[in-house]
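What follows are several structures.
The following pair of complexes shares a single chain, chain A, combined with chain B in the former and chain C in the latter.
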Partner chain A sequence: MKNYVSGFRARARAGTVASLLLGGAMGLGLSAQIVIAEEAQNGGTLNFVVAGEAPSKDGHREQTYALIHPYAPFYSLLIRVNPEDPQSSDFVCDLCVGGIPEPTNGGKTYTFKVKEGVTFHDGQPMTAQDVKASYDKIIFPPEGVPSSRKTFFNMVESVEAPDDTTIVFNLKFASGAFMPALATPFNWIYSKKDLEEHGYDWHKDNVNGTGPFKFVEHQPGAFVDGAKNENYHHEGQPHLDGFRAIIARDMAVRIQAIRGDRAAIEFRGFPPQARDDLVKALGDKIMVQESDWNCVLLYTPNHERKPFDDPRVRRALSLAVDRWGGSEYLSRIAIVKTVGGVVFPGHPLAATDAELEQLAGYGRDIEASRAQARALLEEAGVTDLTIDYNNRGVDQPYKVVGTWLIDQWAQIGLKTEQQVRPSPQFYAVLRNSGEFDVSVDFNCQSVVNPIADVTKFLGSAGNNYANYEDQALEDLYTELARAPTFDEQRTIMRKYERIALDEQAHLGVTLWWYKINPHRSYVKGWKIAPSHYLNQQLDNVWLDKSLM
Partner chain B sequence: MATPQALIDTTDLDEFRKPLGRRLWDLARKQPLGTAGAFVVVLMAVAAATAGIITPFDPERASLQHMLTPPGGQFLMGTDEFGRDILTRVLYGARTALFIGLVSAFVGATAGLVIGVASAYFGGLFDLIVQRIVDIFLAFPLIIMALAVVATLGPGVENVIIAIIVPFIPQCARVVRSSALSIREIPYVDAARALGYSHTRIILRHMAPNVMAPFLIMLTYFVGQAILLEAVLSYLGMGVQDPTPAWGLMLKGAAVEFIESAPWLSIFPGLAITLAVFGFNLFGDALRDLLDPKLRSR
Partner chain C sequence: MYQYVLKRLLLMIPTLIGAALLVFFLLRMLPGDVCEVRLAGTGLYVSQEEIDLCRADLGLDDSLHEQFVDFVGGYFTGDLGRSMWTGQPVVHEIQVRFKLSMQLAIMATLVAVIIALPLGILSAVKQDTWIDYGVRAFSIAGIAMPSFWLGIMIILGLLIVTQAWFGSGWMPPINYVSPFEDPIGNLAQLIWPAVATGYRYSAVATRMTRSAMLEVLREDYVRTARAKGLIERVVINRHALKNAMLPVVTIIAIEFAFLMGGLVVTEQVFNLNGIGKLFVDSVGNQDFALTQHLVMLVVVIFLLTNLVVDVLYAWLDPRIRYS
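== the complex of A and B ==
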């Protein structure tokens, strides 16, 4: 498997000498993680804060960190991103043994051996049949059973478990997107018996996994408690006696919880000012890890509404946005930073800065871009346009970027009426009613898997709400998914990006997020990943009692 | 036996014979707090009306290179996280606050006046039903009622106004009804009825003008309350939306996030809200003292 760790940028600011990520190395474009090995200590309870409450406890149907952070520690995956190096795309076995297998049959068959002697928290043994049952639910769910990542596996023909220790994935065609899809942190392994006896809805309200922690209690709106699984299948882990995930919607509360040591960490990410305030207040009691984030804030023009059916108007919207300037300034106040196209910045498939500058809205001369935007609007006969803009009532980064976008569009003469809605209403407008001219949107993924991640820009994608059909883009994507070499993938990706963001400007990319995790220095073992969904099983996390 | 002249109290007439300046001065001496309140109200109105002249900045235009500039120099109150001048946004925010405050207070109080007077005038079953409905509305705290309305209708200036009007109507109706009940018993109302005037004419032309004192007091009180409610709703993200300048909106988001490093983000809009509400309340109290005969002689 290709390892593109050197392309990622990771940085940590630490008040302690124990763990450092150095900016100097970043300047060289190198992976900047230097970890001084320490011996893990056992014991203690990790308190962490979570901004939201999970809609259900079923990982196969949900898409939110509010589920992953408190509930991922109860489950295992077949394979996972390497918890010791989550910035890389190295995958390691979780429930499988012997390492990640090489495919056979021309890249169309993957055979895994599954660990023996693993038990679910209720005492049932875990076998390959459970893995098959779980992936069958994810990939081939019966009608009416939601599976949020079903489309990730459109290359999978079948899943077989010829015996209790072997699981085989048969693909329709060889695809580089398969292995990252398999490692998606929501692909929790459920018990076949639970699925058969209790049905596919049982996991919405119940927990039974093989993870490092056993579910203890969920107090709605307050906390989720987990206790150490003494029979965990990774020897010597977990180090913690337990954890408490404290639910605190208000960011100020979460920050103060860390400041007052009621919680040690928040895994999603804080804005730069919160980091600075915590470091200023706590000095070497706080440590900061930072990373580019596989999450991008988009805006979605509704192609069914005039004049947004006109590509000239959509291009004008993009041309008005000063991404380079926005990156410089917004990164000081919001969790956004990196300028990028459709692919996670830093990944080899992502556009270079020079390539980006060729796209509408990415030029360095913003005045020239805006002059072009005004000309396009005039050519399209658009005068006195007021945009009905749907935004999500979450400050970071939605409202910050939303207000910035409104200002950017004002500079080409467009007025915007922003409708900031609480999340349920926001989603209802975006996904169902379509009552918007332009809406904020996002593409947040877990495992960096550009070929799967860029499906967001397809009109046919289930999570694309711009209401368009673009057969040229669809054909190009089919070509991309089957491209055998990296160079071919990269060439096709550039064409795909040009259509999506420039020629048709179907969606607008604003800025990629930037993850900042300040945490108490005594929290050890947890390493920041390029996604807030990744590396959350907490089996390698421990507390340094000398720093508490 | 008293002479006819002695039966006429000419004190009020003497007051009106004084020059306007002298009368205002006397009033200011009698009601120093009310005068201070009136001064704040006038200042706010002037600031709102002349914001475009006072400040050269656009309240909505970002200037990122000036983000989070401390007060001083060209930015007397500093700038916010988008580099927008806080003073400009406070001044334009006064426009938003006054617009919402005056419109919602006037409409709410007027509707309450009509309902209250009508309820007292008709009495009987009509009064019973109206007052029980008023009881239901009054059972909810003001902010809860406003939140319920705006949660149903959605955010935005128009919906905020409606959300504030709804809880004001029963409050005013209840107060006005109590005054109107005593007026209903005065013979001129019976006389008007005997002359064949319509109910509408009696309510609007003969009864409503006689409950102006409580109405005006409620009106000024409502303006302050409406400004506060608008600020609360905007602060909760259910009122005016960015980039429209509004004081409550200015107190949330970055103002919370930057409370330690850039406290001016919250200090100035917070002061503006406090001053405005304080001003309207003082003004309202003074107005009540002036218009209520029981308090006037004190």
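== the complex of A and C ==
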């Protein structure tokens, strides 16, 4: 078995992970070097499993990885996360030429040159006009046309294509969130002609991209097939003849499918036990890639319900949670692991461990924290409190972490009545009825884009369900979004984090998710990213026939 | 007989109307909707505007009576609408799964009948012998064992045994191929779930066959047949079995109807893209449009199965006459 751990912190703790989890003889660096040094082989069909079925085929309107995994290989992006190093915060050109351009006009203008000679799968030439039409649809959709990532681009004033090889983004203000938004893996480039002739709904049911694979067939509930695009614009790629994305909702089926070689990989992630079972059963026929995951499991106290309107009570909830201990124990059974604050752990804008330890609930001495929590509850006059706790009826990681939280709060004398609900009912309570004291919540993003991702903690954010207004936090965020230098961004981020998680404890961060991808050893070229949405075009993936 | 069948068919109409009303309103009493699941269920940011657009697009903003008319009207216009999750026509969504579910139901029924009839008869004929005890233990085990659990054990067993014998694990294919395209591949996939469900199904039918046979074997006309000097095989096959079949046919038919829509967990375990799995997915996605038509499909299957059973009664027992 080979394994390597990726991530911003991977190198720092690779040895620990290897000995703790896998006991592999191979070191991190050696494994990674072996993978890089191998020469890609052409041919073969990659079978992989996907846990869900996409609601439509339109990336601009959908949100789910169940769309990204089978359909991203049919499309190209203007820029993308570096497929050779998806853990880095580097972006590289996909349909643009050369490197990522430096902004001009005080950080307010980005000019990209677009590749020439690229064609859509139906033979139409792709030009900057197609890029403009696609981004216009994403950023400025006509009324009634859904665009799930419109708000990512609130800094964009206009998109221009002065000629067929140039695309210009004019911003209202310089923003560090622009480039990550541009690289979002759902920003597929559609043909302007398709949009004009067939309308904005056409891509719900039809596929015409410039990606490494051409759409062949979608059998509802069963699979999506793709075949190699011989005219792909990255020379020498793709290596595969095709792929089949097999829809398998049940996790046991997905695990057994890899074990029985009906599928070679699942790109979302398995819990630790599944990894261990596969490794035990398949030995060197399985390879494991692991990474911190840009998803965080939160709990949301409902500020409109007493006593959760009192910051002392919310702080007490946070102080009761032993995050460092939870990281050690929960990571053995659930897809969570890393202790972090509001920013994806290990990102330069994230708090260091020392900085985290200054926040309520992040201290290493859990008994001291809990004593403080009890004192806060007493001061707030809270006795005999029973929390009405809304949880999602999904094992990983909601029910596992949810059960752990009940125990954590019991340590400071709080009782919890957990209501585990199927997803639709869970969301109905969380988003609409607000009939909960505390609810599990989560924030999963694709490209690591802390300045955009931390909006989750703003009371005004559409995906914040804690029902509060905090003008100080809003003002700080405005300052953060416009901060021109990294150092300023980092300083403001710490203040923001302190208000959100400590002083006001608006939301509680439990643990960040941890992505584990065991896959057949013959799958080569695919490198784990910090998100299950990223690096899924499969153009650099190949199959090592000597291992099949 | 024709009049009876016609009358039964007409009587289905109020049943169908009742079922339609029930499923329509019960579904809409559930909190949440497909747009919440589709857009908010990923954890990514979604604006209320997007959710409102989705609701308007799917007609969830329409009044209840408009939605109901749209639902029931589809049966008269032939347009059952589109799945709220995939946007595909409901007829298409059901059609691609129906053949798999039908084939599996037939195969499981065959497995059940092949096991149940001989064992049930044998158990009755050899009552209170070790054969009888063995058959009863076998059938009780079948009733006690959930078919999905048996399915999981079959898959794990195949993986473990093939890995031990051949060095690499083998499990049934997880994609359906038509028996006309690839009969071996088709059989390799469906025989295992057919055995897993057929075993439980056979257990019920075995016990029913046994008790029905025991009852019939004590009848006067069986004693008469034996007194006439007929050999035991003829007594059993010609005189006893046909009359013992009435309750057995009922059980088999009800189980068959159940298999058409009720193989929810077994289909998940074997990743079979059938009606049961579609049911689970559509309910999980709050896809009202699809769920309500699936419920109606199952209702129709049950009604038709019951009618077929009643007609079969007349053939099995000529004393039964319908008017």
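One rule holds for everything that comes next: the second predicted complex is superposed on the first by the 514 of 548 C-alpha atoms of A that agree within 3 Å, B and C clash if a C-alpha of one lies under 4 Å from a C-alpha of the other, contacts with A are read in each partner's own complex, and residues count from 1 in each chain.
The rule we apply is simple: contacts are C-beta pairs under 8 Å (C-beta built on N, C-alpha and C of every residue); 3 or more make two chains touch, one makes a residue touch a chain.
What you see is a predicted model; the values in this text were computed from it and never measured.
Student: Based on the superposed arrangement around chain A, label chain B with chain C as either clash or fit.
Tutor: The answer is fit.
Student: Using the touch definition from the top, say if A:K204 reaches chain B (first), chain C (second), both or neither.
Tutor: second
Student: What is the contact status of A:D277 with respect to chain B (first) and chain C (second): first, second, both, or neither?
Tutor: After superposition on chain A, A:D277 lies in contact with chain B alone.
Student: Go through the superposed model and pick first if A:Y329 touches only chain B, second if only chain C, both, or neither.
Tutor: first
Student: What is the contact status of A:V400 with respect to chain B (first) and chain C (second): first, second, both, or neither?
Tutor: First partner only.
Student: Which of the two partners, first being chain B and second being chain C, lies in contact with A:G381: first, second, both, or neither?
Tutor: Neither partner.
Student: Based on the superposed arrangement, let me know which partner A:P162 touches: chain B (first), chain C (second), both, or neither?
Tutor: In the superposition, A:P162 touches no partner, neither chain B nor chain C.
Student: Identify the partner contact of A:A252: answer first if only chain B is touched, second if only chain C is, both if each is, neither if none is.
Tutor: In the superposition, A:A252 touches chain B and chain C alike.
Student: In the superposed model, does chain B or chain C contact more residues of chain A?
Tutor: C
Student: Counting only touches as set out at the top, which of chain B and chain C does A:P348 meet: first, second, both, neither?
Tutor: Neither partner.
Student: Is A:G144 in contact with chain B, with chain C, with both, or with neither (first, second, both, neither)?
Tutor: Second partner only.
Student: For the overlay built on chain A, what is the smallest gap between any CA atom of chain B and any CA atom of chain C, in Å?
Tutor: Result, nearest C-alpha distance in the overlay: 6 Å.
Student: Give me the intersection of chain A's contacts with chain B and its contacts with chain C, in residue numbers.
Tutor: Residues 252, 422, 425, which sit in both footprints.
Student: Can you list the residues on chain A that touch chain C in the complex?
Tutor: Those residues of chain A that touch chain C are 49, 53-56, 62-65, 144-148, 150-152, 204-205, 219-223, 244, 246-250, 252-253, 256-257, 259-263, 281-282, 285, 295, 422-429, 431-433, 442-446, 455-456, 461-463.
Student: Which positions of chain C touch chain A when the two form their complex?
Tutor: Listed in rising order, the residues of chain C that touch chain A are 30-34, 36-48, 50, 53-54, 56-57, 85-88, 92-93, 96-97, 152, 155-156, 158-159, 163, 168-171, 173-176, 268-271, 273, 277-278, 280-281, 284-286.
Student: Over in the complex, which chain A residues touch chain B? Could you list them?
Tutor: So the residues of chain A touching chain B come out as 251-252, 271, 273-274, 276-277, 280, 325-326, 328-330, 332-333, 393, 395, 399-400, 402-404, 406-407, 410, 417-422, 425.
Student: Under the touch definition given earlier, write down the residues of chain B that touch chain A in their complex.
Tutor: Going by the criterion above, the answer is residues 60-62, 64-65, 67-68, 81-82, 154-156, 237, 241-243, 252-254, 256-258, 260-261.
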